[in-house]
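What follows is a single structure, written as structure tokens, with notes after it.
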Amino acid sequence: MDATMMDAMSAEMKMPGMEMMDMAAMQACMDACSACEQACTVCSMQMMDCAPACMNCADMCNTMMRAMLRMQGMTPAAMMAMLDACIAMCQTCMDECMQHAENSDVCRMCAQACKSCMDACMAMRESMVKMAS
Amino acid sequence: MDATMMDAMSAEMKMPGMEMMDMAAMQACMDACSACEQACTVCSMQMMDCAPACMNCADMCNTMMRAMLRMQGMTPAAMMAMLDACIAMCQTCMDECMQHAENSDVCRMCAQACKSCMDACMAMRESMVKMAS
Amino acid sequence: MDATMMDAMSAEMKMPGMEMMDMAAMQACMDACSACEQACTVCSMQMMDCAPACMNCADMCNTMMRAMLRMQGMTPAAMMAMLDACIAMCQTCMDECMQHAENSDVCRMCAQACKSCMDACMAMRESMVKMAS
Amino acid sequence: MDATMMDAMSAEMKMPGMEMMDMAAMQACMDACSACEQACTVCSMQMMDCAPACMNCADMCNTMMRAMLRMQGMTPAAMMAMLDACIAMCQTCMDECMQHAENSDVCRMCAQACKSCMDACMAMRESMVKMAS
């Protein structure tokens, strides 16, 4: 999402039970989820081995990104659980794709996108823990 | 999914790291996720209060259902994390919709679909713990 | 969607510009889309040849089903265009899976689910043309 | 999708029956679909009037973007039909959101994202017609 839209839209993005959100962490997390969905979708089409993990990861990343665009319908507990699920799914997909990374540029890039998405979800999670305390 | 298709397809539904799956629990869980996605999608369109939670729940339920149809790309850890996320999201949506249940049949039915989905996800989770041990 | 929920929810399902909808045709179409999404999701995981068509078909069927659950946000023209897209995508997937139907029960069932979904979308389309005239 | 990934992945993006694709038009179209999905998702959460059209548009845009990432599973006819459906859905959402554009920055930006997506889908469609002839 571009910065102008993010500014205009951020007033809509308030989670009940969390007064403050780290909007920079959230923007980075949404962008990483979106990039990961795209990389996984392409990667799933080139090799049978990684297809199931890649599509599961693409769906989870899309669901995660949308949930960040709909903060009003989250609670801190649900958000944490979804971030954990997204991290676990990215880990699963990265582990699978790393096995083919030497032979396939697409797998290598998919694994990188999964790693970036995991990192961004972890940073988002930490920012929520910090702001809640 | 109807029973004939489930039988034919269940050979595809094997998770690495889990030799046995409780296929009856999985079928019940997929059906509950699908019903919950549909109920939440309708419910989200009738009242601003529940829209965000309902759409987050609909997306998570669809992602969960699809992951059960693509077991080859899961690990037990990722599956557990996704079931937890689905349970947390159903809880959030049910809590919201229960507040409007007296005034709205749609909200009441949505809350019931969320409750059924939570129960089915918990049963699925328990069956995995039992079979893993 | 079960019949009780459909009855309670059908008051929400009104498309601007279409006074009457054939609710039986719509229910049948939503059920066929949902079944097709599930069959395509499983089928996409077993063979590289059909994976891309199956996943495109699964996504289109889910989008189509959800649009029928959110009639308030459709126009007759957009609805017709989406039904045409769903029919075209089911045709593409069915053609692909029919090539493997002799060797794979999953492909054969996926092709059948695509055929049923096409038929249900065509019936829905015809009911709209009839009611509009 | 960033340019490096697009280069590496474009070898996977071949549609049967279309020897050449305008990759620049496709990249622009995918980016516009992704931006439109995000804008519509936020916009759907702020006002009951536009919620159904916005969510239908978000789902269609995501399905369209994914289909472009899975060209191997498309045919020219299915691709055209999906582009038409995406254009019709963006038009419906834009028309709705334009009615609230004076009072809501989010609606105005959503309408702009729908307009950009329509334009990019039309350009993609024209590039296909040109290359097919």
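Note that the chains take the letters A, B, C and D in the order they are written out, and that residue 1 is the start of every chain.
Convention: a residue touches a chain if its C-beta (ideal position, glycine included) is under 8 Å from a C-beta of that chain, and two chains touch if they have at least 3 such contacts.
Quick caveat: nothing in here was measured; it's all calculated off a predicted structure.
Participant: Counting C-beta pairs in contact, which comes out ahead: A-D or A-B?
Facilitator: The greater number of contacts lies at A-B.
Participant: Pick from C-D, B-C or B-D: which pair repeats the contacts of A-C, with over half of them the same residue pairs?
Facilitator: Checked against A-C: the matching pair is B-D.
Participant: Taking the mean of the C-alpha atoms as each chain's centre, how many Å separate chain A from chain D?
Facilitator: Each chain's C-alpha centroid was found; their separation is 21 Å.
Participant: So, what's the distance in Å between the C-alpha centres of chain D and chain B?
Facilitator: So the centroids are 29 Å from each other.
Participant: Chain B: which residues touch two or more other chains?
Facilitator: 45, 51-52, 55, 62, 66, 70, 72-73
Participant: Per the contact definition, I'd like the list of chain D residues that touch chain C in the complex.
Facilitator: Listed in rising order, the residues of chain D that touch chain C are 50-57, 59-60, 62-63, 66-67, 70-75, 77-78, 80-82, 84-85, 87-89, 91-93, 96.
Participant: Which positions of chain A touch chain D when the two form their complex?
Facilitator: Those in contact with chain D are residues 1-2, 4-5, 8-9, 12-13, 30, 34-35, 38-39, 41-42, 45-46, 58, 62, 65-66, 69-70, 72-73, 105-106, 109, 113.
Participant: Considering only the defined contacts, which chain C positions touch chain A in the complex?
Facilitator: It is residues 44-45, 47-48, 51-52, 55 of chain C that touch chain A.
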